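Worksheet: one structure, shown below.
First chain written, first letter: the chains are A, B and C, and each begins at residue 1.
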C-alpha cells in the first residue's frame, strides 16, 4: 500500500500517550509518513486524532512506544525543541499570536533560526501574497482564512521536514475550506511533507495521498486516499451511509 | 500554677476567636475556592460595629447605643456581610485573583477609615470600655475568662456544626462542584455567581462575628490591631490545618496561634531590648516560612480534604513548564 | 491648587506606571497576581540606598540642582541587577515549584506570604525607621504659576518617560521583546513555535523587577524609603494594572498616570490619608463598568 521506495519522514511505533497516568488516549498507534506525502488522519470524536499530533509535538506525556523523525528517536521531546528537530505544528485553535502583527508572527516562527529570516519571510509572502499586503496588521484582526495562512506561514518559517496541521478547516466557511486546502497543496508542492488531522474527511482526503482512520487510540484502517474515499466503512463513519464518501 | 492556667485559658480564647475566622475562610476558600486576603478587613468591621453598637455614650467616637451583647453581635455580623456584598458583587464574576486584589483593597481602606474617620471610629485612640457579657457576675478575672472560654467553645461548636451541615447539604455540594470545575460553574452561569456570593458573604459574616467577640474580650480596639499580618496568620492556620476540612481549620488555628505566641516569647527572651522592635518582624518571618513550607511540601495541610489539590488544578497557562 | 495637585499626581503616576508595568507583565506571562511585587519596589529602594550610603561619605557632589550625584546613578544600575536577582531567586525557590504542582491560586497566597517575608526582612536588616537618599534640602521651583516642583521630581518624570520609550523599543524591536509579547499573548503557541518559555519567564522577572526597583528609588527620592512603602503602593499598582487592562503595558502606563493623578487630585476633596482608598474605589468602579480595563481584552 505505502510506497517503500520513498524516504520515511515520520514513524510512530505502538505509541501510547495521555494526559493522566493510567488513562491512555493513544493505545498503540502506528503511523508512517513518507517524504512529499500529504497524510490525513480521520476518525470519530475522541478517537485521539489531535492527541496523536500533540504527542508527536511533545505536548502530551508518552507512556510507551516510539516517535521517530527521519530515523531519529524524538519520543517525549520538549515542545520548544520540536521546532529545531524539524517539525512545524499548526494547532487547531488560537494558532496565531493575535496581538502581534503578521510580520511579527512570521518572525516568531523563525525564532530558532539564526540566519536567512528575511529571505524566509519573503518566500512566505511569495507563497501567500495576501499576507504581504497585511504584514503590519495584528493577526487577530484578520479573517479566518487569512489567519490560517499566517499560521501556516509561521510554522513554515523554519523550513520543517514535517508540517502537522490540526483540523485546518475547522470553523471555516465551505469556500474558505477549499482555499485552505489549496494552500495545503501549495505548501506540499513547495517540498514539505504534511500530516494532518481532519474532521472534513472528504475534502481532506481529496488532496491527500494516504489516510488513516483512527479509533479507540489506534489506527483501524490505513489506505490510499482514493481508496478510503470509496471505502464503505469510512462512509458509514462519516455519512451514516454505506456508499463511501464518493 | 494559677498563672499557667489563666495563660492557657487566655490562649484558648484567642485561639478559638481565630478558629472562627479560619472556619469562615475555609468556607470561602476550602469549599468554594474564593480567594480572600482581606480577612482582617471583615474582622475589623465586626469589631468596630460591635464596639460602636454596644458601648455606652462616651466621647471620641460614634456610639452610645448600649445595645445588648447578642444584638450587637448580630449587628456586627450583618455589617460584615454588607461589606462582603460590596466587594463580592463586582469581583466574583471575574477571574479569581480579582477578588483577592479587591479584598486586600477593602482591608486597606477599612484600616484607613479606622485610623482617620475619628468621629466614627475614635481614630488612632480607638474605642475603649467595650462591654463584656455578664461581666458583673464574676469577681475574679480568671473566673470570667473561664466563662468566656466556655461561651467561645459553645459558639465554636455551633459554628462548626452549622458549617458541617451546610457543606454536607445539597447547597454545599453545589459549592464544591463549582470549585471543582470552572467550566461547569460557567455553564450554571448566574447561579454559580449567586452560590459564590452566598459562600463569600457567610464566610465574611463569620469573620465579623470573630471580630466582635475579639473586641468584647479585649475590651479595647484601635487600628493597630488590624494589620495585614492577621490575614496572613489566618491563611497560615487554614493551610497548615488543611483547607477543605472544618476540623483542620480549628486544629490549624490552635497550632499556628501557639507557634505565633511561642515564637513571640522566644524572640522576646532571646533578643536584647534595643532590637525588640525587630521581634515582630522575626515572628512574621517564622510564620511566613511555616506557610511557605506547608504550601510547598504539604499543600493539603494536616487534615486537608484529599480532593483539594486536584480541585485547584486549573489550567495554569504555563503549568507544564518546569 | 489644582495645578499643583496635578503635577504631584503626574510625579506619583510616573512611579506607579513603572511599578504597574512589572506587575502586568508577570500577571500576563506567569498568569498570577503577584502580591510580592510591592516588595520588589521596597527592596529596590534599599539596594540603591546601600550604594548611596557607601559612596555618600566620599562623594558629596551633586548634579547641578539635583539632590544627588553619581552614586545614585550607580545605585540605579546596581539595584536593577540586584532586584532582578532577588526576583529570580524568589521565583526559583517558591513560584517555580508551585507552577509545577499546577495549583494556580496557591501561587497568589505564596506571593502574599513572600511579600510579608520580604518586607519583614527589610525591617530586620535595615530597621523600621525611614531613610533618605540625601540630606540635601531641595528647593521647589515654580514652573507654572502656582505649580512648584523640585528638580528631583522633574528628573523622576523625565527618566520614567525615557524608560517607557526604551521599554517600547525593546518590546517592539528586539527578538526577545517580541518573544515576550508572543508568550504573553499565547503561551502554548509560543512553546510550539520554539520559544523557550523558561527563558522568557526569567526575562519577565528581570524587566519587571528592574522597573520595580527604579520605581522604588523614585518613591524614595520623592517621598521616603520605608519598609512598608512597597506594600502601601501595592493597591495603587493593582488599581493601575486593572484600570489599564491586565496584560497591557501601555494600559499599565496609562493606569499608573490616571491613578496617580486621581489620588492626588482627591486631596482637593478629602484627607490625603484616603489616597489608597481612592485608588481602590476607582478599581472597583472599573471592575463594575469595564472589567477588562481601558486597553485590555476580556478577562474571562
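Here, contacts are C-beta pairs under 8 Å (C-beta built on N, C-alpha and C of every residue); 3 or more make two chains touch, one makes a residue touch a chain.
Note that the coordinates shown come from a computational prediction; the quantities given were computed from them, not determined experimentally.
J.: Select the chain whose centre, defined as the mean of its C-alpha atoms, is least distant from the mean of all protein C-alpha atoms.
T.: Located nearest the centre of all protein C-alpha atoms is chain C.
J.: Using C-alpha centroids, which chain lies at the maximum separation from chain B?
T.: Relative to chain B, the chain with the farthest C-alpha centre is A.
J.: What pair of chains is linked by the largest number of C-beta pairs in contact?
T.: Highest contact count among chain pairs: B-C.
J.: Give, as an integer number of Å, the spacing between the C-alpha centres of chain B and chain A.
T.: 54
J.: Counting only Cα atoms for the centres, state how far chain B is from chain C in Å.
T.: That pair's centroid distance is 30 Å.
J.: Could you grab the centroid distance between chain A and chain C? Build each centroid from C-alpha atoms only and quote it in angstrom.
T.: About 43 Å, centre to centre.
J.: Which chain C residues reach two or more other chains?
T.: Residues 188, 191, 197 of chain C touch two or more partner chains.
J.: Going through chain B residue by residue, note those that touch at least 2 other chains and give them in order.
T.: none
J.: Can you name the residues of chain A that touch chain C in the complex?
T.: Going through chain A, the ones touching chain C are 57, 59, 79-84, 89, 91, 94-100, 104, 107-109, 111-112, 154, 158.
J.: Contact residues on chain C for chain A in the complex?
T.: Spelled out, the residues of chain C in touch with chain A are 175, 178-179, 181-182, 185-186, 188-197.
J.: Contact residues on chain C for chain B in the complex?
T.: 29-33, 35, 94, 96-110, 112-114, 116-117, 120-121, 123-124, 127-128, 187-188, 191, 197-198, 201, 231, 234-235, 238-239, 242, 271, 273-274, 276-277, 279-281, 283-284, 287-288, 291, 299-300
J.: Give the list of chain B residues in touch with chain C in this complex.
T.: 33, 35, 37, 86-87, 89-91, 93-98, 100-102, 104-106, 108-109, 112-113, 115-116, 228-229, 232, 235, 239, 277-278, 280-282, 284-285, 288-289, 291-292, 295-296, 299, 309, 312-319, 321-322
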